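Look for chain A in each of the two complexes below; its partner is chain B in the first and chain C in the second.
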Partner chain A sequence: MHDREVTAIIGPSGCGKTTFIRTLNRMVEMSSGLRIEGSVRYREQEIYGARIDPVQVRRRIGMVFQRPVVFPQSIYENVAFGLRLDRAPPEEVDAAVVRSLQRAALWEEVRGILKRPAFELSGGQQQRLCIARALAVDPRVLLMDEPTASLDPAGTQRIEDLLFELKREYAVVIVTHNMQQAARVADRTAFFFGGRLVEVDDTKRLFEAPRDPLTEQYITGRFG
Partner chain B sequence: MDQPVLRGEGSVGAAGHADPVAAPTPASIAPARRTPWWAWALSPIALLPLIFIVLIALVLLFSGDLKLLFEPGFWSFNFYFNPLAPSQAVWAFPLYLVGTALTAGIALALATALSLALAISTTVYLPAWLGRSLGTLTNLLAGIPSVVYGIWGYVVLAPYFGLTLQPALRSYLGWIPFFGGPLSETASGTGVLLASLILTIMVVPLTTAIIRDSLVSVPHPLLEASFALGATRWETTRRVRLRVARSGVRGAVFLGFGRAIGESVAVAMVIGGQTQIPPSIYSGTSTVSAFLLYQQDSAFIYPALLHALVEFAVVLLLITLVFNYLAQRASGERGAVGPTSAAGI
Partner chain C sequence: MPQGTERKALSEGLERLNENMVTMAQLSELAIRTAVGTLNIRGLKEKSPEHASPQDVFTIDQELYGLLQKIQEECVELIALQAPVARDLRTITSSLEVTTHLDRIGRYAKDIAEASERVRSQGDDAIDHFSKIGRMVDLTIEMVDTAVDSFVNRDAEPVRNIMRSDDAVDALHAQLFQEVVDRMSDRSVSPAVGAQYILINRYLERIADHAVSIGEQVAYMLTGERPPRVKHPAPRTT
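And then the complex of A and B:
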């Protein structure tokens, strides 16, 4: 995965897309009944290293889930959640909340209602709130697990527009079951099948001239 | 097919479940079934518990002397009852209320802290199998009859309290106002401290079970979202789990208080029974429910005493009802449920 790029992960259901990106910030350790092997490096540093704190990993590598998950608190407190963990001074929190909401393209819609409960927002707005919340702790990488799966086309459009803004500053990894979405937003695309990485390439090249016959079959819609 | 499968027509909100037009073709959706007659016939039975509560309150109110509640003697702080002149009795209800509030209050403060610690450690920190077995163990404590707690407190704990623990507490912690004050002259060990501790042990299983349930039912995605933001286990517990489970914790506290106020047998056995505002936590006093238990043997000899007991019971009933109602309201609050259901969880 590269900085300032969007990497899409595609593949049929159950091929390990979600599990894969959950390994990237050690969220996978929250589930039980699995074995962890191998290695993931962030800027040459092994994140599964013995002396690495998973909490610190997740500060650098933020995550947005399939369904928007807002805390039962105000819009403001939702964005401030990560900052409160660091006991940031109030004026810093204020500034970071505004900045993150602006980056998540939500600021104009919520600027007057920051104290309202977050669950009053629409699904699409909630998902952008989750993105703002992830951005507020200033990560370098943003992992998105099918962020538009539960949104309507308009909400999806807004998130996709947002991805073009976000990749100016972050490395973005997006899991999607929607090949058109990968083709629209990603610079590079990885195809997973049966728990294995089959092929990763420039999005354009992967879709136009896949090297692996399995990839070709999948993107031409013969299975999955 | 020319005929649309689904067509909208008519107005929304019209009465009647069955649509007469939809009846003819066999492929049509069946009309709503009627509620069976016996469901109507049986529903008053479901109301019986409620009717019973009202009946108990009414019978108690009018079998005693209702006027007593409005007499200054009932509300004075000096207890006076001379069997030779029962008409001059003064009942000092507030005195017993102080004893009840004090023991139940201390017990609840301790029980809340203990149950929170127990519930958090068994649901969040300990491995699942250990947490579950500890949970079962706490639930078992709830099944022990209160008289067993009472006799254990009186026979085993009281001598130790009177001779060792209370003098030690007073000499080491006496500088804190709460632990200061005079020791009991007889060193019997019975009194506010022992009664509060016994009550704590009796309330803990109840409050722990409710708090555990509410902690466990916090939706997993909320916890994951918190972890993904780089929160530690404790931060997630404090900022997400406890916040979402807040109404359950509040319900547990009110229910526990109701239980502590009403408990009579165990308390009566270890409270001492003195009719006084306790000068310290080491002294004996009495509670409303303990008084009922102490005096019932002579109740039918002195009509004045009987009336007083009945009015005590009425007020106790009302107080416990209020706290149980508060518990219901606290845990039935939609506040914590709304946002998560809105998130589609």
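And then the complex of A and C:
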């Protein structure tokens, strides 16, 4: 994964896309009955190292899920959630909430209703709220697991536009079932099959002339 | 291996596209053969349809233009509705490119037929005026044949031969040009007729260039790599 780029992960259901990105911030450890092998390095540092705090890893490498996970609290508190855990001073929380909502392209829509319950927002707004919450703790990498799967075309478009802005500051990894979405938003695309990385390349190259016949079959719709 | 599926609408669309491309390719070849048949040059008549007339070439040119429009519509529709990628996408964009070259070949065939009419209007039957033109025609037709076959058969290998033949065509073009100029100078050919042969020479050379472009496009379509253009375009003599 490269800084200031969007990397898309594509592949058929069950190929390990979600599992893969959950290994990137140690979220995978929250599942039971698994064995962890191998190595994940973030800026040369082994994130599964014995002295590494998984909570700190997840702070640097944030995650947004398929369905927006909105807490039964106000819009403001949803964004402030991580900062509150850090016991940040109120003025710092205020500034971070505004900044994060702006970065998530939601500020203009919610600036007058910050105290309203978050579940009153539309699905697309809730998803951007989750992005704002992930951004509030100042991550460097943003993992997104099918972030538009539950959104309508307009909501999807807002998120895709947002990705163009986010990649100016963050490394973004997006899992998507929609190959056209990968083609539209990603600088690089990785194709997974059967739990294995088959091919990763510049998105243009991968969709124009993939090197692996399996990739060719998948993206042209010949299987899966 | 993964279980096979197919994209019926896309597959059928690509099949239809290929059929139209094959028809267009055959028509543009026929256009050249018919056009050179009107030149009345010994040895070329046999390669052309019997009783080839300029009017036949004009008709084929019209048909080619109709097919060009149809293929362009099909390609845009496939791109818009089927969101093709990889080889499918390359096939469609290459078809768009190749179809333009085939149409241009048809236009040059029409230009040759028109020049041929003008030669005849001078009362000149043109037989054996120029020694190089037969070879020039042969090579050009061969290049178009090879380019079209490589597209139809999805085989990039023969494309190498096209590049080689193009060098020969360029050399013949220069020689024939000089030959026409010499004949006009010694007054064995009138300037009115010589000028038409200079044009015909140029049209044939351009047709060969389009064959090269089709070959390059076929190589890209099949491999995803754009072959480097190995030679610099020769300086134009006309």
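Rule of thumb we're sticking to: the second predicted complex is superposed on the first by the 224 of 224 C-alpha atoms of A that agree within 3 Å, B and C clash if a C-alpha of one lies under 4 Å from a C-alpha of the other, contacts with A are read in each partner's own complex, and residues count from 1 in each chain.
In the analysis below, contacts are C-beta pairs under 8 Å (C-beta built on N, C-alpha and C of every residue); 3 or more make two chains touch, one makes a residue touch a chain.
What you are looking at is a predicted structure, and each value in this text was computed from that prediction instead of being measured.
Trainee: Give one of first, second, both or neither to describe whether A:208 is in contact with chain B, with chain C, with both, or with none.
Mentor: The answer is second: A:208 touches chain C but not chain B.
Trainee: Once chain A of both complexes is superposed, is A:180 in touch with chain B (first), chain C (second), both, or neither?
Mentor: So A:180 only meets chain C here.
Trainee: Let me test your reading of the model: by the given contact rule, A:217 touches which partner, first (chain B), second (chain C), both or neither?
Mentor: After superposing on A, A:217 lies in contact with chain C but is clear of chain B.
Trainee: Counting only touches as set out at the top, which of chain B and chain C does A:119 meet: first, second, both, neither?
Mentor: first
Trainee: Who does A:63 touch here: chain B (first), chain C (second), both, or neither?
Mentor: After superposition on chain A, A:63 lies in contact with chain B alone.
Trainee: Tell me the contact category for A:167 with respect to chain B and chain C: first, second, both or neither.
Mentor: A:167 sits against neither chain B nor chain C.
Trainee: Given the touch rule stated above, what does A:150 touch, chain B (first), chain C (second), both, or neither?
Mentor: A:150: touches chain B, not chain C.
Trainee: Among the partners chain B and chain C, which is in contact with a greater number of residues of chain A?
Mentor: The partner making contact with more of chain A's residues is B.
Trainee: Looking at the complex, which residues from chain B come into contact with chain A?
Mentor: Those in contact with chain A are residues 221-222, 224-232, 235, 239-240, 243-244, 335-336, 338-340, 342-345.
Trainee: Where on chain C is chain A touching in the complex?
Mentor: Contact set of chain C toward chain A: 2-7, 10, 83-90, 223-225.
Trainee: Would you pull the chain A residues touching chain B in the complex into a rising list?
Mentor: Contact set of chain A toward chain B: 25, 27, 30, 55-56, 58-59, 62-63, 65, 67-73, 81-82, 84-85, 117-120, 123, 126, 130, 133-134, 137, 150.
Trainee: Under the stated contact criterion, what part of chain A meets chain C in this complex?
Mentor: Residues 12, 179-180, 183, 193, 207-210, 214-224.
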